[in-house]
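Here you go, one structure.
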Amino acid sequence: MSDSALPLLEVNNLTVKFGDFTAVDDVSFQLNAGETLAIVGESGSGKTVTALSLMRLVELSSRGRITSGEILLNPPNEIPMDLADLPEDKLRKIRGELISMIFQEPLTALNPVFSVQSQLVEAIRSHRDISKASAIEMALDMMRKVRIPDPEQRLKRFPHELSGGMRQRVMIAQALALNPQILIADEPTTALDVTIQAQILGLIKDLQEQTGSAVIMITHDMGVVAQVADRVVVMRQSKVVEQGPVEQIFDDPQHPYTKALLAAVPRLGSMADKDAPEKFPLVEQDA
Amino acid sequence: MSNTPLIECKALYKQFQAAEGAAVHAVVNVDLELARGETLAVVGESGCGKSTLANTIIRLEEPSAGQVLLDGVDISHMGSRELRQHRQKMQIIFQDPFASLDPRRQVGKAVSEPLRIHGVTPEAGMEETVAELFRKVSLPPDVMQNYPHQFSGGQRQRICIARALALQPELVIADEAVSALDVSVQAQVINLMMDLQEEMGLSYLFISHDLAVVERVAHRVAVMYLGQIVELGTRKQVFNNPQHSYTQKLLDAVPIADPKARKKHVMIEGEIPSPIWPKGQSPELVTMREVEPGHQVAIEDL
Amino acid sequence: MKRLHLLLATLLAFSMVAVACGGSSSSDTAEGDDSPATTQAEAPEEIPAATVAEDTAEETTTTTAAPEEASDEPVSGGTLVVSTQTQAQHFNSNMASGTAPGLPSAQLFASPLKFDGDYNPQPYLAESWEFSNNGLTLTLNLVDDAVFHDGVPVKASDVAFSIEMNKASHPFSTMFGPVESVDTPDDTTVVINLSQAHPGILIAMSPVLLPVMPEHVYGEAFAAGEIREFAGNSDPSVLVGSGPFTLNEFDPTNGIIRLDRFDDFFEGPAYVDELVIQTIQDPNTVLIALENGEVHITNMQGVADLDRANTLDGIAVTPEGTEGIGAVVSMEYNLEDEVLSNNDVRKAIAYAIDKDFILNDLQGGLAFRAKSPIHPGSPFYDDSIEGYEFDPVKAAELLDAAGYPAGDDGSRGISLTMDFIPGVPDYQQNLAEYIRSALDDVGIELEVRSSPDIGTWIGYLAPRDYDLTMNILFMWADPTIGVHRSFLEANIQPIPFANNSAYINPDLEATLAKAGVATDLDERKALYAEAQATLADELPFHWIETLPTHSVYNEVVQNPPLTIWGTMSPLNEVWIAG
Amino acid sequence: MSASSSERGKVIARVGRVIATRLGHAIFIILAVIILTFSLIHLAPGDAAEVLTFSQGGASEEQLAEIREEFNLDDPFLSQLGNYIIDAFRFDFGNSFFFQQPVSDLVLDRLWPTILLVSTALGMAIVGGVILGVYSARRPEKTSSHVMTVLALFGFSAPIFWTGIMLLLLFSSWLGWLPSNGMNSVTVGDGFFEKSWDTIKHLILPATTLGFFYMAQYSRISRATMLEVLGSDYVRTARAKGLKERVVIWKHALRNAVIPVVTIAGFQIAAILSGGILVETVFNWPGMGRLAFEALLRRDTPILMGMLIISAIIVIVANLLTDLAYRLIDPRIRYKT
């Protein structure tokens, strides 16, 4: 029974440490149902750690630990809960079911020794008590939804037999198979060619519209942010330096870092009336 | 300076053998010219053959057919001894600067290495020469004693540039040289490269998949698709007036860093076909037509 | 309770063994001859009785009658397991020597005589025997109730046939070489006609040397000259024996020979139901198997292994049961070598070697001193001969006199090589290494040369491509079998166990010839004493010690085989305590 | 669909080609083994006839000559070698000098015990090593993990015969749980189950001894790869799917971590076979190793040669099987040649 006014996800003062190093420092933001939130920042800014922390994967996979803060999840028709404080067996039920995730490099993110079908079916059956046959049926359905041509054949393939774009579609199919409330996409298009990137971004957008899932898009690419995000969180050196609606961030950045960052972004079409190449008008920023 | 182009490729081919007699036709019938002081960008998606083209031009790969003329001299089948003198004029920088540097070697040594190999600088003046190169790429010379891991990605790429500049080349091939860098660092490195071009009269062959960056740096642009150049022209011609459907598709796919210019995505499905051809088969050669002076486009049968 | 019992039995057994050893190694062997009843067979029977007394004295409540009764009276049944290190390829001791075929052969086949622990002949297939006065005829009177495993009676003709086969096939041609003909006037009488007196023929009739085989089974193959390939040598379905056990299974893969008790054996059925001969290479494994009762009896030579065996509860260790083979460790000189052809050099080398060090430190007191090719356990051994006790001063004097004075650095300009039999470091390589350092002390440079396998060593020995070599020679109970061969000029041949020193001494050969045919025991002893004195002086070999071979058995074994042939004597009287 | 069946046909064709190539190589390897060994044995002083007379307690020179004649030891070297090669490729390895029986029978008799021992040991080493490796990789900071690292180091550095004797003393001598030697007790009956159980009891100690050494190695390898695999993206994906940690470790991570272990095990077949010789001696295991050892001392050339050829075949077959297993485990290799 959650109040519809409450945000779907609320992160308050989250701090994550690896040993003595603070990877995420007092980070707070909110995610509303159905919206796309972009977390942007350069390498080492803490954006990926933040994403992993939301699913508490940072402890399992990277030996980091959440030292303070809360991650409040308010799923519709369910009791709100603090993910930062949830035991592992309960978390396991949330992963893949309420929150799921796709990663940057779809070749390494899929297990190379298992077929696509095996990995999809496993994802479904670990949360749903259904027969293998129905799970395969669901997997096939998802394959169609992510517009993989000839899905019956591709289902039997191994990851390395698919192209990069196909693999990322499989990842998306796997992540969205159980209609999660939140999809966390960690640099989902960075490893892909620009045409494929456009396809994947479009696909995520389409599916989001169909299912109403909220999306957290982790990226360093301001172009992607500008194209897909409703709101933006800008991170730098483990901290949030600025957040707000996407137009505000692009049109009227407040923080010097955001300004500097935007100045360095090449914008297609900005040179349309210039004859010679031109250097970037870099903004000096305080370190 | 003569009017001879610095680099001229004539009907350049490069194939690799694959299993069962099939062949990867990585570079197919490429004709290109690169003038002195010019930046020519080669764009295209992964597997289109742009890196192979770069490697073939600089003779890291021997061409399967065709010619590469450096300053009018055919270097495409030159023996390694002879080639060495010519190779001084061409240097290459790769995407991953960390992999290009020996982790156990002081960066100063790495930069001075080509000078030693070619014996162009006496040992006595070596330190000063290297210090000068460091200053050139905006690095303090006192970091010469440090090791690669002590530097950030951008700094490492500067070191690679310094090393490439040591022999005072005329051509620098930048093979995705800024793709792995954070956007602010990328901008700094690109600005540096432009400064150096101005200062030293360098020519760049700029291999990239990032059209937004290419738009910023290139004088001329070649669009590659399945080993062949399908559109070639000045940056303005190609970006403002793309003629080939593939160029249009590429440009259309680039996300523009402006939320007001949000594109309504028309889902274009499909992927680039494979450049691997079975034994006995080869890609059909495109024919170019000139749509405006210096702007050539492959004829498509639509 | 049982442990204590076994411990006491061991202690008693040891004291008896010590007494027996002292007796046999002293020069007074007449006493042994007079009392042939003092065979080792009786000793263990007395031990349990003594143990009972001790037990009841110390422990009044826990003693129960049953186990002691079991120890007192021989019981039938069970499987006796004997382990050996070398795998047998066949069980026909009429065509090969060696312990590998000898052990099973002695169980499968009876022979005319057996021997006790003091070289005294005992009746077996022959219930009595007699030499003619001139020593040229030996008459055997066979028992009349012996049968082969196929039920056919053992006849005089079978004995004659076996002698014929042995004479034609066995490498020890001296055993039956003097046999001119064998007459069989009736089924139980064998008359052996000799070309010369041959007292050694009696010991050649031991189970391990002359198995009696049925002519009706082996005759055809022998006549055809195909006895070596004949299946009856090892195949259970063909082999027909005369001994206390029948062949059940030969499994060379597992190294197992399985024998069953032969119920119609003329001496009565053996105590154990089954006898298994198992090949086990590693002595450590053998020891553990002995301790566990998986193996009951074995022979061992390794010093460290014997030391360990001595510390184990319930395991008895004794040098008895190994005299017959009579292995003596020696160092051979190649007399064709210019330096070594000088007798003073040979003697100097002998003086330079500390035998006490070898016996006590290298062999841990487990081997006995041997000064001649005759094993010290033999009645013919003469302990009074020169043994070249350790005397480096004398060695130096002899070398000076021989024209090899020491230089400034002590070196005498003599440089020799030393070979040794590979695979048995305790009494070969270790000795060779020690001798190298001992000779270094007197200024002789010795290089120890290792052979990777026995073939390589023989490859040096046979063509006399050596200077010095360690060796082990086996006497096989009578000097005519295993001793003479090393010193006969005619036997200078490029094969092992020949006269590999190339020693030539017609006088000695004459003495040996006389000793071989002397029918009077004392005369024989005197002649062998003379021969030993000559050899000690001429020193073609330097004899050092006996092989530290010991019989090792689990004390559940009652009446263990401690005769001169040890486990190569019939094991029908051995039984296993319950 | 037809695409799939033609794909499968291609895979089978590729596997067939791999096998054919390997067999082609195998013939050359075996030929080289024959020529090299035959020459080396021939170069050593002494010959089999002399060794035979030695083990028989002597012989006359005539008998010696007779034996040489019988074994063709007096023929010129090249003719001996040539005849041997021709016979060997007809699977006729001659008769053992010592046993006077066909070598093929003798060796094949001992092949089964060796294969049983080596494959059990290898199985134990792989399973045990991987379990240890996974366990210590999962909690690298725990004490039990350090204990395991030390144990692995110990197993790796302890000589095989020493381990063997220690196990013998502990389990056979002191505790008396297991038999000390051989493949079967001398008193065992002929019943199938009785005999099999007896063989298993005999197998435990030697297989553990041989396996322990390699288990230590494999645990180190699987620990290292497991650490790497646990940090991989697909393990993170598996966790993000909400899989149980047990499934993540024992299905997703393990299958990948096992690949290098299998590769190395394949390379090590020859070494394990030779390690088997020591173990077979210590435990009196009636395998090929012991036969080889005895034959070597006896200069029983036909057995030695036969064993070498058969061992070479085993190694080649084992490598081939590893290769195929590798392809089975790792689909990325499956479709390459």
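In this document, chain identifiers A, B, C and D correspond to the written order of the chains, with residue numbering beginning at 1 in each.
The rule is short, and it goes like this: contacts are C-beta pairs under 8 Å (C-beta built on N, C-alpha and C of every residue); 3 or more make two chains touch, one makes a residue touch a chain.
Note that this is a predicted model, so its numbers are computed, not measured.
A.B. asks: Counting C-beta pairs in contact, which comes out ahead: A-D or A-B?
C.D. replies: Looking at A-B and A-D side by side, A-B shows more C-beta contacts.
A.B. asks: So the centre of each chain is just the mean of its C-alpha atoms; given that, what is the distance between subunit A and subunit B in Å?
C.D. replies: A distance of 32 Å separates the two centres.
A.B. asks: Would you mind pulling out the distance in Å between where the CA atoms of subunit A average out and where those of subunit C do?
C.D. replies: The mean C-alpha positions of subunit A and subunit C differ by 88 Å.
A.B. asks: Rounded to the nearest whole Å, what is the centre-to-centre distance of subunit A and subunit D, using the mean of the C-alpha atoms as each centre?
C.D. replies: 50
A.B. asks: What is the distance in Å between the mean C-alpha positions of subunit C and subunit D?
C.D. replies: The separation of the two C-alpha centroids amounts to 40 Å.
A.B. asks: Which word fits the touch map of the chains here: line, ring, star, complete or other?
C.D. replies: Contact map by chain: line.
A.B. asks: Strictly by the criterion at the top, what is the full list of touching chain pairs?
C.D. replies: Result of the pairwise touch check is A-B, A-D, C-D.
A.B. asks: Spell out the residues on subunit B that touch subunit A in their complex, using ranges where they run on.
C.D. replies: Residues 39, 45-46, 153, 182-188, 190-191, 194-195, 209-213, 215-219, 235-236, 239-240, 249-263, 265, 267-269, 271-272.
A.B. asks: Looking at the complex, which residues from subunit D come into contact with subunit C?
C.D. replies: So the residues of subunit D in touch with subunit C come to 44-48, 50-51, 53-61, 63-64, 98-101, 106, 109-110, 113, 165, 168-169, 172-173, 176, 179-187, 281-284, 286, 290, 293-294, 296-299.
A.B. asks: What residues on subunit A touch subunit D, complex-wise?
C.D. replies: 52, 55, 57, 60-62, 88, 92-97, 100-101, 103, 105, 108-115, 122-123, 126-127, 153, 156, 158, 160-161, 171, 174
A.B. asks: Under the touch definition given earlier, write down the residues of subunit A that touch subunit B in their complex.
C.D. replies: These residues of subunit A touch subunit B: 42-43, 147, 149, 163-166, 193-199, 201-203, 205-206, 220-227, 229, 246-247, 250, 260-272, 274-280, 282.
A.B. asks: Tell me, which parts of subunit D touch subunit A in their complex?
C.D. replies: Subunit D reaches subunit A through residues 1, 3-4, 230-245, 247, 252, 255-256, 259, 329-332, 335.
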